[in-house]
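Just so it is clear, A, B, C and D label the chains in written order, and each chain counts residues from 1 on its own.
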Amino acid sequence: MGYTAAVLGASGYAGGELVRLLDDHPGIELVYLGAHSQAGRRLAEVHPHLTGGERVLGSNDSVPDVDVVFLALPHGASWQPGIALADRGAVVVDLGSDFRLDTPARYEEAYGVVHPVPESLGEWTYGLPELVDCTGARRIASPGCYPTSALLALAPLAKAGVIEPSGIVVDSMSGVSGAGRSLKEDLLYGAVDEGVRAYAVTTHRHRPEMEALLDAMTGADSTVLFTPHLVPMQRGILSTCHARLAGDHTAADLRSILEDAYAASPFVDVIDGPPQTRWVVGSNRALVNVHVDPRTGTALVLSAIDNLLKGAAGQAVQAANIALGLPEAAGLTAAGWMP
Amino acid sequence: MGYTAAVLGASGYAGGELVRLLDDHPGIELVYLGAHSQAGRRLAEVHPHLTGGERVLGSNDSVPDVDVVFLALPHGASWQPGIALADRGAVVVDLGSDFRLDTPARYEEAYGVVHPVPESLGEWTYGLPELVDCTGARRIASPGCYPTSALLALAPLAKAGVIEPSGIVVDSMSGVSGAGRSLKEDLLYGAVDEGVRAYAVTTHRHRPEMEALLDAMTGADSTVLFTPHLVPMQRGILSTCHARLAGDHTAADLRSILEDAYAASPFVDVIDGPPQTRWVVGSNRALVNVHVDPRTGTALVLSAIDNLLKGAAGQAVQAANIALGLPEAAGLTAAGWMP
Amino acid sequence: MGYTAAVLGASGYAGGELVRLLDDHPGIELVYLGAHSQAGRRLAEVHPHLTGGERVLGSNDSVPDVDVVFLALPHGASWQPGIALADRGAVVVDLGSDFRLDTPARYEEAYGVVHPVPESLGEWTYGLPELVDCTGARRIASPGCYPTSALLALAPLAKAGVIEPSGIVVDSMSGVSGAGRSLKEDLLYGAVDEGVRAYAVTTHRHRPEMEALLDAMTGADSTVLFTPHLVPMQRGILSTCHARLAGDHTAADLRSILEDAYAASPFVDVIDGPPQTRWVVGSNRALVNVHVDPRTGTALVLSAIDNLLKGAAGQAVQAANIALGLPEAAGLTAAGWMP
Amino acid sequence: MGYTAAVLGASGYAGGELVRLLDDHPGIELVYLGAHSQAGRRLAEVHPHLTGGERVLGSNDSVPDVDVVFLALPHGASWQPGIALADRGAVVVDLGSDFRLDTPARYEEAYGVVHPVPESLGEWTYGLPELVDCTGARRIASPGCYPTSALLALAPLAKAGVIEPSGIVVDSMSGVSGAGRSLKEDLLYGAVDEGVRAYAVTTHRHRPEMEALLDAMTGADSTVLFTPHLVPMQRGILSTCHARLAGDHTAADLRSILEDAYAASPFVDVIDGPPQTRWVVGSNRALVNVHVDPRTGTALVLSAIDNLLKGAAGQAVQAANIALGLPEAAGLTAAGWMP
């Protein structure tokens, strides 16, 4: 067991998945579990499905020296420990949103406030390993679940110049675990089961994150109209992405670009037909499928991920593996759970 | 009880809802239930939730003389009985797709075959009462579930000229009852629960139906890119519709146009925030909500209906009510079931 | 519209169903909606699926003079308004548990506290119309959902002496709406979906309620071992009830007793095979099915109801109908919703 | 990789789980996938969630020489290949029901036909490792999912003589994957979602299997009244088991017996409160919780398992591990998936 690790925010859904993955990781030893309001409770009380339930959650504020720290904290709660722990020498993988955006301006647009340490934004690597090199990274901002799904579908096409970066439409459908574990009336079983809804229409904070990476990869100003939807299932995100074709390209052209982009990736598969989220639940895999609608001159790209794995905990481990020089797929699986 | 009615295809989901509605209708008496392979069985065997279960399903082929016939038959199965029964003098409401399109060319594009009686297409009224006058209609082609949801969101805006009729993007999410009751591996609980998927990407037959009415209302050539999705719930359709703004319009402008369009309608409500399908399940109501995204110049219109009621049986009864001179809302409810 | 009515606790699930039923009731006019913490809000905010959403919830404490009041209040909250309103002359139907038990001792055993007005217990009629005559009742204690389902299965058999009243085992499976609308971590979608659990093992407060009516109907001391289970669905209770046969009886014998008991009831059907909760969801119907296991000398009786209708709001309206001299089924339906 | 393995019936749910587990097993190499009607298809077509999807399913009838064969075949289909493959020298683990019962008489009672090779019944080890020693076994009959859950709850108590072996009541609630992947109307999403039902009342074939092991462990004649229920979820079985106490025993007494019985087991945990199936889905773990109801003199034991893992594929791998001399938990996990 080469490296030691801590997970802060271990009591949430993403935190629980980090614990599950790291408990079974061949190259990383999980030695500390931190929590905020749940500190002091046994793991079995907050995650009865995990093993080692007798472990007690410590405080998020007293982290021992470890090689890598995973932060699964609410928005706004990770910048302080993130910077402090990185300055102490740990590799930090922040699953939150404090360091994902590239510029203070973009941060301010997304969150409506000035970033507390604006000069730090440029120091963090966006941890989407298929699109951004994470080798040797010490400060990793792990992507949001929706941006992961949309960018895996769109970024190689935008970079290749076959789609227009402006006027992109992304409609995503997410399982409920994406909303976290907090106690809200809208997340009661009685409010979720047997219904579908859009939310945060035109205002979701993941939209600037999508545009940031598209801008970085294309050098152009992208615009995305992003609408997230909540569907009655635990896990999974399906993103149906529409972009205007830049020139005359076939579906085969686009597929070829995507296949080249992911040829070396153990976790992204370009497939023949529409992906189902069920096929990736429990796995770190992303499935991408591309169509062209000649009537409207549109590229339609569908992608499916598990929001808690490729969209959160799995991708964080994947980026950490690369940063630490471990095999990219160590401790991760591409096989899912079904039924 | 003024009018007598028959339901053909009573063993399916839409047929069952027609029976439930008509059994409780103050102005129509349901006197005949027809079926195909289920003929000869008691109603209790095919719809154990309905009352009057001792009624025996007759054949679809031996319909007594009634005032109004509802056809809930598979695609291609209603044109023959539809024409024959209408010629015998009944008001015919066809819930199938045989008479929904306006021209033989559009039918051929959608279905890949020549319409068996192309000259009949012009004789049928498209039974979407909020958009097409059904007064006195004798041959009613009841709209598809997806077109109902998309057109209620888009048609008044297209007609008013505030959105471009071309390049419209409609992403719809439907409950599983929309796929009918047939025995397909993809519809097993084990294949549906806990997953979301797109299907019939760029090829769904409801797309030409949307364009037909948009063309009729605008006089222009509309193009829609329509992607249906299956979500793990029984009922409900949410359509997230995107259209380029034609000129400089605010959300308030668009809302005002929609409110005017539905001012007299008992079943369409324009609401403040994103609608949830749960709010209309069990009801004949449609909820519409409009946004403008100035960054991309897009009108975003969300609509929610119950696919088996406003999207099928309820709308058929609504159109029949109008055609027969009964109150539009007779036998229908705008209150839904929740939880 | 003969009678006027008020619903207190209109913001909960049972309260919402009362509003829905009474809004469509031919003989009762709902004139007042009361609430506690939700007072002052529009109905559309708390029940977006209902019509007349512009109605504002008043206080539970300022009820106008009406003919009948339905109390859908938490445990312990109905005895005061219940007695006060009845003393003011209204027919009171209490859907809560304050007046359901027959004796102060039984109340104390169930709730661990002394009843605040013990002498009042005998004044309330247990509102299970198939088993207790509600004609002319002015104070009606509407049964709990689990007791309704178990007693409809067992009481006629116990009364006929063909099953032993002691050692009865009732395993019930309920949809989540039975747990109400309150904000508890255990009721989050993420905690309920895809799982089943028992709860309140050996301690559920509905057990004494079952025994109270069995004792009253048999004159013997009954003992029930009741275990409720929560299953991932919105509505419905299935009770699987086991009782030792008292003597040598066949399933046909038992069925005959049940059929006789419910011959005049519009809402209880004795059926051939195991009932499914789906067949009664949305309806006021109960389905009962009886088996005999000769190997263990056990009568096995299955019953299915909608917990919010026959198990709460529907049964309350049914009892009120009888008490007021209206037709028993007025404003109620025996047809359900499916799929 | 010490041992080679084949899975027959790889296209079903249990077969798919066997493939997933063995693909990741440190001591067994899966070298052959057999199927019946799906032979010739790629694995990706029948199990799109698994890796190595390019593997082609061979025939169930042409199995290469391997060290261990797992049979995941329908009832009646495993006795022939089971005997033939065992005679060829492979360790055979049969997940079907052909060899589970101890006597020809019991088989005939359960299945209504004479066993084709009655003398073979005694040669198979019942593969429930916590209750039956599987060391060195060459022919293993892997238990049914319901018997696994009920026996883990009851067998140690029956063996210790603290519960009566007669008149046991087992009410089990299962996820739908237990019914397999076959195309039946009752298993459509539209027929399962939002409902609960009992089935095979008094006649389920798993009841004799429960009695067989109870008889073997107690030397007495046990009688079980078993009622299975289908609940709307993919996986998991909760069994609520009632048995008359034999003498005066407390819950602590019973718990102590269960804890002793499972002290060395990596996969059975005796816990404080009612188990939830969600806590074991995805894991090979069983959770057991015991109560005593002094009013009726009943021991109430609850158990939760994942029907496809501890109830099928996981347990089969566990038994094979022991039979082959590998660590009992090799390739298995006690951590589950949640949410």
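Here, contacts are C-beta pairs under 8 Å (C-beta built on N, C-alpha and C of every residue); 3 or more make two chains touch, one makes a residue touch a chain.
These figures come from a predicted structure and were not determined experimentally.
Of the two chain pairs examined here, A-C and C-D, the one linked by more C-beta pairs in contact is C-D.
For the touching copies chain B and chain C, the fraction of interface residue numbers used by both exceeds half; the interface is of the same-residue type. Taking each chain's centre as the average of its CA atoms, chain C and chain D sit 38 Å apart. Centres computed as Cα averages put chain B at a distance of 37 Å from chain C. Chain centres here are Cα means. That of chain A falls 46 Å from that of chain C.
Within chain C, the positions touching two or more other chains are listed as 13, 176-177, 190-191, 193-194, 232-235, 276, 278-279, 281, 339.
The touching residues of chain D, counted against chain C in their complex, run 166-167, 169, 171, 173, 175, 190-191, 193-199, 201-202, 223-225, 227, 229, 231-236, 238, 240, 242, 274-279, 281, 291, 293, 295-298, 300, 302, 339.
In the complex of the two chains, the chain B residues touching chain D come out as 13, 176-177, 181, 183-185, 187-194, 232-234.
The touching residues of chain C, counted against chain B in their complex, run 13, 16, 20, 23-24, 47-51, 176-177, 194, 234-235, 276, 278-283, 333-339.
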